[in-house]
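These notes open a run of structures that come right after.
Two complexes come next, and they have one chain in common, chain A, joined by chain B in the first and chain C in the second.
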Partner chain A sequence: MKFPSKWALATAGLAMIQSVAMADDTVKVGIIAPFSGPFASYGQQFKDGIDVYVAEHGVMAGTHKVEFVYKDSGGPNPAGVKAATQELLIKDGVKYLGGIVFTPNALAIAPLITQTKTPTVLFNAATSIINTKSPYFLRTSMTLPQVSAPMADWAIENGIKTVVTTVTDYGPGIDAETAFTKEFTAKGGKVIDAIRMPIQTSDFGPFLQRVKSKAPNAVFAFLPGGAPAFAFSKAYSDNGLAQAGIKAIGTGDIDDETTLQGLGASGIGIITSHHYSQAHDSPENKAFLAQLHKLRPNDVSNYATIGAYDGTFLLYKMISSTDGGDAAVKSVEGMSWTSPRGPVKLDPVSRSLDQNVYIREVVKGADGKLENKEIATYKDVPDLGMPAH
Partner chain B sequence: MSTLFSIVIDGVAYGMVLFTISVGLSVTMGLMRIVNLAHGGFALLGGAFTHWAMTGLGLPFLAAAPLAIAMVMLLSLPMERLLYRPIYKMGELQQVLATIGITFLIIASVNWWLGSTLQSIQLPAFMSGAVNLGLRTLPTQRVYVIIAGLLVICGLYILIERTRFGIKLRAAVDFPGTAACLGIDTSKIFLITFALGAGLAALGGILGAEILPIEAYYPLRYMVLFLTVVAVGGMGSITGSFLAALGLGILDTATRYLLPDFGTVFFYFAMILVLGIRPNGLLGKSLS
Partner chain C sequence: MSHTLKTALGVIALIALAAVGYFGLADNLAFMTQVVIMMIFVLSLDYVLGYAGISTLGHAAMFGTGAYAAAIFATSVSSDPILGILAGAVAGGAIALLSGFVLMRAHGLTLLMLSIAVTEVLHELANKYSGITGGADGLSFTPGPILGRFEFDFAGHIAYIYSVCLLLLVFIKLRVLTASPFGLAARGIRESQARMRAIGTPVYWRMLLIYTFGGAFAGVAGALSAQTTALVSLSVYDFQLSAGAVLMLILGGTGQLWGAILGTMVYMTVHQIASSVDPFNWLFIIGAMVLIVVYLVPNGLMALPALLLRWRRK
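Up next is the complex of A and B:
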């Protein structure tokens, strides 16, 4: 006698759980994100975004009740995330997944979601390649090439002819450097030095002194948000680069809303490109922030919050109009809507968002707090990192 | 020439930051002979209390910082009595495990209290910005760190080598039995020294916050840095820590100016080299 294979059993179990889930008409969505550890603020931002959407639209998506199941991923942790995903799919019987902060975590679950045909909305992981690894990945954040290239365009248009790039020496840093340099040199700009800073750097003074000695028009920076970005901006202002006429430009990772106030006066004047600013002036963003502050008066909204909010919108769309799987992904491909960040469209090929990229300047707002004030807009920028484009 | 000047200036400034954040560890680990991995936790608490006193109570920096240091020292007293007392008697590995447990406790408490985002410390106007040295500028804050570092090393030298307390401390560490027989209250000496170490950690956390920003995971993120300085300097030697911090600071700064792509390789290579030749560190006494 032949025993049924482990997978057949698991699939049968999954089918049973799914039929139970369908019987009481609750659709479960698994959210995988860091809720503990050094990156726990991402989990909180995601939860804010989801909670705001649910507060606005209720727990029902069409005729289905939506239930979120949260799983802690810690930091970059592919093996742990894979195990958590298996548990969500088999034990909890979730039909959709969302969240995900780090690229390795997203790559680790690609085979699983392809096998179970589970639509998975990436709220944050930002390497272009992820979406080519499974047709069930949808992305509501951005990719680094998408936000780095418009920064180069703006620099050229505003009389910046020479740049020194300073990026943290790891995957996303090199992505940002490559995308910026390609666009900047193509438009006639000159990168006179490219510095890759070790990931453990804490004193950025020497790098900025080196930049200063080369006297470029601007220094382009990409660093992971939090402590490194903070120390870099401090070093930029303390070493007198602004006085020497060297502008600081970079991607929005270096001054996101969760660390912005910490920069203090040293942050003023820094120019970054990103797809969302809490200070974005639109009725949608005002309504979104009003709801957020009703739920959590002290929380701020950043790119992770908005990624989760729009991600929840996509999940609700799929849940209300389909029974999951391929049909769910099909139903939202090519969809356009107005997000608090501005108009967006889910590109049917890249399954990432075509969206406006804003150039923002750090200024002191009306309430005396720092804000990322939008000073220029590049409309409908696609994911420039996709090989298909 | 101007590069060399920059390396020395930035190196000394960075080295002094390294010294202020590790000298507390040099006191507890070197003088008291306990492997106190929770050192960074006290530095974090110093920074977190300062942030809280400035944003929550609205105090200016110059009032908030001493208050935070006093709070950390006060908190360290019951911790020494309840947690560290049993740890003194443990073996080295057990000390590592017990103190890393305390580190996790501190991290979790701060994370629960203030969240995992950056806790900034806004410096007063006279300490921020840059000073012009003629050839180049230097962040003003570093000037204060250098002054503080020099005051700390002079103060400690006088305390340990030239006062009655220092004599008692050295006696209590080296010959606890004899010291007790001579009527020295060793448990009180240890309590005071532990609080001193915690206070110095808090001072370092506050002064170093410009380049090692305060956030809940601070103790783990920079643990290797503190341990390297103390190990290279030599256990129990304040002067050793001072020389190690300056040397490593200058070396690390030089590689960043001249060979940025090599990262921190030279920093750790120097550590291997020094410990290979002198296993007890630059000025360490053998622990026999």
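Up next is the complex of A and C:
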């Protein structure tokens, strides 16, 4: 009897050592985002989202300890991002990637993540085509067609028959214009003029004068968030478009929470469509904001914060239940959960989120600050930009 | 020491340096490939700015055009990388020649502004004709194997060796160009255009030719960058690229090929280390480094040994 018991003891000991080793093992996640330069606010919002999730759920995902390795991408910089990704994969040995704001940066790393079977969660990059370039891309943001088309539906339902579109003349702007126009004309609306504004424009007066002279029911706008969006909405009120009965509608990029307060009184009444508003009324969002304000009292949450928060949720899910690679992607495809933004589902085909798109109006909230108040909801909108749809 | 011997020693030193990088930092080859590409680009700038004194903040125009040319050539004609590099060189040279007709008539600040303007125009064209260039999303392509044999691999071995070979070729070519009577004329133009004109040098045409050659080398760097990334986006026309190259050149020392190489190496290494230690505030370190070097060693790092010797003698 002596010998077997010793044997059993040894096996038990080995098993214990193994389990300790398992508990000890660290899974690294590379986060690629702009932390310097004009787009650094994205990096900060991402970090907020990740930090809130970690504060709520701890550093352990199942039996694995999760460690984030941050890499600064600057702006659109495919060559630099590709090199940084190679370094993360080879030198740092990361098993997962996350972040990515710009489409060319995502496209540049597609071959790398396919070769190494590295699940990569896009917290922002919003061109539909990205996910077709590698089966390891998952996306927790949105795509422009997804949020532009519901804006057109709402416009039709609310008696807007004629629109002038004004978009910034670059990839995402043209995507927004195309998606809006397609949906709006299909439902019987009429786009009487399509204006593309150069990306460097800072004075939007002439464009809005042109809009005014066409006298449409509404002007649809897409501009990159920040200074341009602010200048646009200021020019909208300065040129008296509201008095002329021309409504301002657009995607949520033009009034996201990081720039919203800067719009001041000129912002009130602007209607936008997006998948997340800080003012979204749900217990999940309240808990999320409470945790955020505990960590960073002065920060606000916007679409980038929520993209990173849900992205971190996906990363934790994959890390806790699989050893990475194909199995990791399989394990989350088709999954549904309730995010602070509302109910979402990771579509197994597009690997983007099917989610509610909210129509919001800029109003003065109870605390005297501006907020995006949700006034209508389009439920479970898929990524309308995928070829399949 | 004869010029040929010096060139040979320079090539050996470069190969030694590349080998140290290859074996010493084997898991960082992607980053070092970036450094080598940047070296080619800064060398081409040194030829234009350092040797001939043509002040420009728009060297990215040629880099970007070379990059797009290589990508478009790969998707529409042949995916052979070496032919792609040639296409990049021709395109870079052509755009330099075309813009040079106007630019080389200007001097000083006017020239600086015009060189920036040319890059901006090309940036906007690439944005506008997104059917050809892929616009803001970028243009992806797959470069074929080099010489029909060597496939670009995941860890970046082939890309690194390929880039180093091109660096050596560009280095040798520039050594020859700068030591030739044509190169001496370039230095003469930098020192005094009036005197060169007085001894009968057609200054305008010489400068145009120098700018075209410089553009072709910048095109090589752009094409190489496109091939190793397998994607080109609008960022190849970024003002930051032009300005960064000038900064690296000043850091190392203008008017000497080793200044370009040293400046690029130091700048990019500090950049790499600082941005991985602190990805949030690394720009501060870079700024401080450039300030200190430019303040204490205004002629660049290449002047450091002579400066130290002088201090010791005092």
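By definition in this document, the second predicted complex is superposed on the first by the 365 of 389 C-alpha atoms of A that agree within 3 Å, B and C clash if a C-alpha of one lies under 4 Å from a C-alpha of the other, contacts with A are read in each partner's own complex, and residues count from 1 in each chain.
Going forward, a residue touches a chain if its C-beta (ideal position, glycine included) is under 8 Å from a C-beta of that chain, and two chains touch if they have at least 3 such contacts.
As the structure is a computational prediction, the values presented were derived from the model and not from experiment.
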| item | value |
| --- | --- |
| First (chain B), second (chain C), both or neither touched by A:Ala227 | first |
| Touching partner for A:Phe35 - first (chain B), second (chain C), both, neither | second |
| Touching partner for A:Lys91 - first (chain B), second (chain C), both, neither | second |
| Touching partner for A:Phe207 - first (chain B), second (chain C), both, neither | first |
| Touched partner set for A:Lys82, first chain B, second chain C, both or neither | second |
| Partner chain(s) touched by A:Thr63 [first = chain B, second = chain C, both, neither] | neither |
| Doubly contacted chain A residues - partners chain C and chain B | 36, 169, 198-199 |
| Chain A partner contacts - residues on chain B that touch it in the complex | 2-3, 6-7, 10, 13-14, 17, 111, 115-120, 122, 128-130, 136-137, 139-141, 210-213, 215-217, 221-222, 225, 252-253, 256-257, 260-261, 263-264 |
| Footprint of chain C on chain A - complex, ascending | 35-36, 43, 70-72, 75-80, 82-84, 86-87, 90-91, 103-104, 107-108, 110-112, 115-116, 127, 129, 133, 169-172, 174, 198-199 |
| Contact footprint of chain A on chain C as seen in their complex | 27-31, 33-34, 37, 124, 127-128, 130, 135-138, 140, 154-156, 225, 228-235, 238, 275-276, 279-280, 282-283 |
| Residues of chain A touching chain B in the complex | 36-41, 44, 169, 195-207, 209-210, 213, 226-227, 230-231, 234-235, 237-240, 258-259, 261-266 |
